[in-house]
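For reference, chains read A, B, C and D in written order, and residue numbers begin at 1 within each chain.
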Amino acid sequence: MARQRKPNAELLSDLVAANHILFNEGVVDGFGHVSARDDRDSGRFLLARSIAPGTVTTRDIMEFDLEGEPVDARGRRPYLERFIHSEIYRLRPDVQAIVHSHSPSVVPYGVTGMHLRPIFHMSGFLGAVTPIFEIRDAGGPATDMLIRDRKLGAALARTLGSATFALMRGHGSVAVGAGIRQVVYRAIYAEVNAKLQLEASRLGEITFLNDQEAARAMATNDGVLDRPWELWKRRVKTLR
Amino acid sequence: MARQRKPNAELLSDLVAANHILFNEGVVDGFGHVSARDDRDSGRFLLARSIAPGTVTTRDIMEFDLEGEPVDARGRRPYLERFIHSEIYRLRPDVQAIVHSHSPSVVPYGVTGMHLRPIFHMSGFLGAVTPIFEIRDAGGPATDMLIRDRKLGAALARTLGSATFALMRGHGSVAVGAGIRQVVYRAIYAEVNAKLQLEASRLGEITFLNDQEAARAMATNDGVLDRPWELWKRRVKTLR
Amino acid sequence: MARQRKPNAELLSDLVAANHILFNEGVVDGFGHVSARDDRDSGRFLLARSIAPGTVTTRDIMEFDLEGEPVDARGRRPYLERFIHSEIYRLRPDVQAIVHSHSPSVVPYGVTGMHLRPIFHMSGFLGAVTPIFEIRDAGGPATDMLIRDRKLGAALARTLGSATFALMRGHGSVAVGAGIRQVVYRAIYAEVNAKLQLEASRLGEITFLNDQEAARAMATNDGVLDRPWELWKRRVKTLR
Amino acid sequence: MARQRKPNAELLSDLVAANHILFNEGVVDGFGHVSARDDRDSGRFLLARSIAPGTVTTRDIMEFDLEGEPVDARGRRPYLERFIHSEIYRLRPDVQAIVHSHSPSVVPYGVTGMHLRPIFHMSGFLGAVTPIFEIRDAGGPATDMLIRDRKLGAALARTLGSATFALMRGHGSVAVGAGIRQVVYRAIYAEVNAKLQLEASRLGEITFLNDQEAARAMATNDGVLDRPWELWKRRVKTLR
């Protein structure tokens, strides 16, 4: 059996906070999940057991290997879709944290084939193309839409490629980042961008950020991730 | 007079919680109602007296027979529209719980003849067709729109047929399920789906779940109904 | 000087509650107002001094005659637009309560000439036609848009005619009723109807309630006004 | 080194309140800022250090000169975009307070070239034209979209000209006023107007306020700025 090492307490604490923030900001409801790669063992990642993100505590955080198997389950039931996380961590060594959600303004893009694009500087991370994952291509026409095994997870990871965000047809989306605070920022502002782009598309033709603007805006915002993070954490406290 | 048997305490408690959850999640306002078939007597069902769902307590729950008559009213005034419940329970032995609401994103479908269809895996239960009830067909052109007698209730039940959800023109909708947690899930995600479908229809042509995807997604989600239920219950407590 | 009689305490209490409810339900913000005719003197009405409705207490309620003049101001500053109320009470002996608001979903109808029509049974009171008041007809092209004198108030009252609800171009709306609970119901469900009608108009052609359906639905709902009123009052308490 | 004079305590207190109100009313999120010109030295202005507006306290307020340099930073990190404020105060002696935000309903106008126009009397201050700032004109095609130096700030100030409100493509907007209460009012009602105009544009052709109506409505509303201000302040207290 694998040697157990206690994960970093700050990482655990940030991951619990991320669960609460994503619920509080409307990115996840009873469903959706956020994970972080173990910073002491890049072959493992942390993810809550199968409960609503808004109710997660430290004791609910499980550890998984890159085959999506729990390291020490102790009777805790994992999410069916943990393979979203394991396969992306396997394919993308740069990724340290992942959010999967059905955030409401994003779903319409996946089912219509419309690409999300950066409408303002807060969402430069979306880049020029948001890939769309069609589960029928990998799983055929009769799945239950869930990424419930390694094969489907690997197909999703390939569709994501080197992007920061991918749409999943009839399901939701996945955001990746170099850390928990960055991926929470991305999941929240992808939702904001989706709503703004939908409204703007009714007023006329949209001038999106060009590639350079997007890349530079992303770099600048990556320098101030703590500002919204502290606000979002505080809002969770206030509402509880 | 009919023999009285105390209904199951857990069923009562879940029914009261369902009233509060449906209000808290925006499915009902001052109007709308949720019932459960008595699990000790399939010829009876439980439904609150005529008050706003968000204010219901155990003492407000009345019992009715399948003709919509109260078993032991003790001065409590029933909802005018209890015949929605009695006639569906009569026609559909599989149905154990029913929600009637005017949830806001659903109303526009009934008045335009647009069908609600499953846009993502959370709403596979909608299936391929959501029937639309036109009260003029059964009640003529001069009703007050309410299902205020057995004849109108029976007509609505026939329109519902074997479906899980029906639209009511100029009024709202009805959702049915095999239990309280399932029907609450369906009422909430029908509202979510309605909103998503409306937004998506503005972006382009929608790829809905196909029949197999819808059926399989429904089966999978029916296995995790407790997850959102626990969250919704907790949200009610937090806000009170 | 006019003889002073203390107004009915229950009427005063309901009027204060109406101010809070309309704020809490999103019909008024810092602006807008609600009045009630004095039930002991039909030539007078009650209306708060010029403050935000959400902050009104019993001490802020002033009495006015049907010329819009305060009976006993005691230094309290009245709303500039009290003539909306005085002139409607003068022209419409059946009206016992009035709400003026800029409720957000209603404003778009007035500026586009689109009529609000009853999309579901909750808003049968809207009837077949919602008149639109164009202040330029009575005040010329250079007003500040406010009903700031008797002449403009009388013109608005004439536009309202025998209706329950009128749109005001570039401004908002006015609802009238046979009592405080009824007019609060109407102001809230006019806003709900406006939002539903806007969404439905994007899905296709709308089947509105016909005249008989509207009239009968209104009569039925007038019998259960206490149900939402008690809920709305309780919500205000909960949030404070 | 510059002589230090303690700023007016009431001005400081209003500026802190303005930060909280703008967050509470949905104009700013983790980003955006509000400043006030020092009423004892027109060559200086007050602006928080680089934190989320909803969390600002008196100790976070810094003083800047009209070159955007902090007078006495004491280790506090300023907003990158303080040059929005310094250059507008330099060009517009009449301006005493400025709000920069990414308020959600306003962003779509800047990216589509659609002008915000006064749809009702609450937003007469928008006037006939809301200028749109295109950063590519002053900064070229490869900026990070931020007003991060004096040159870009001066270009934005020139685009604003004598207006009260300017859109910034791919970014947000800036509102100016003769005082904190006025500019907060303008930032909030610009957001309200943007949402109303978007909805109304779907119903049909809009009749906007004409120039005289806009000017007169603005003058009238400027006389009652304390009414919403007191409400907004109270809402912040209630929610905390």
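Everything that follows uses one rule, which is that contacts are C-beta pairs under 8 Å (C-beta built on N, C-alpha and C of every residue); 3 or more make two chains touch, one makes a residue touch a chain.
Being a predicted model, the structure only gives us computed values, none of them experimental.
Student: Going by the stated contact rule, which chains contact subunit B and subunit C alike?
Tutor: none
Student: Rotating subunit A so that its CA atoms sit on those of subunit D: what angle is that, to a multiple of 5 degrees?
Tutor: The two chains, subunit A and subunit D, differ by a rotation of 90 degrees.
Student: Taking the mean of the C-alpha atoms as each chain's centre, how many Å separate subunit A from subunit B?
Tutor: 33
Student: What's the distance between the Cα centroids of subunit B and subunit D, rounded to whole Å?
Tutor: Once rounded, the distance between the two centres reads 47 Å.
Student: Which positions in subunit D touch two or more other chains at once?
Tutor: Within subunit D, the residues that touch at least two other chains are 202.
Student: Which positions of subunit A touch subunit D when the two form their complex?
Tutor: 119-122, 124, 192, 195-196, 199-200, 202-210, 212-213, 216-217, 219-220, 224, 227-228, 230-232, 234, 238
Student: In the complex formed with subunit C, which residues of subunit B make contact?
Tutor: 29-31, 50-52, 54-55, 80, 102, 104-105, 107-109, 111-114, 141-146, 169-172, 198, 201-202, 239-240
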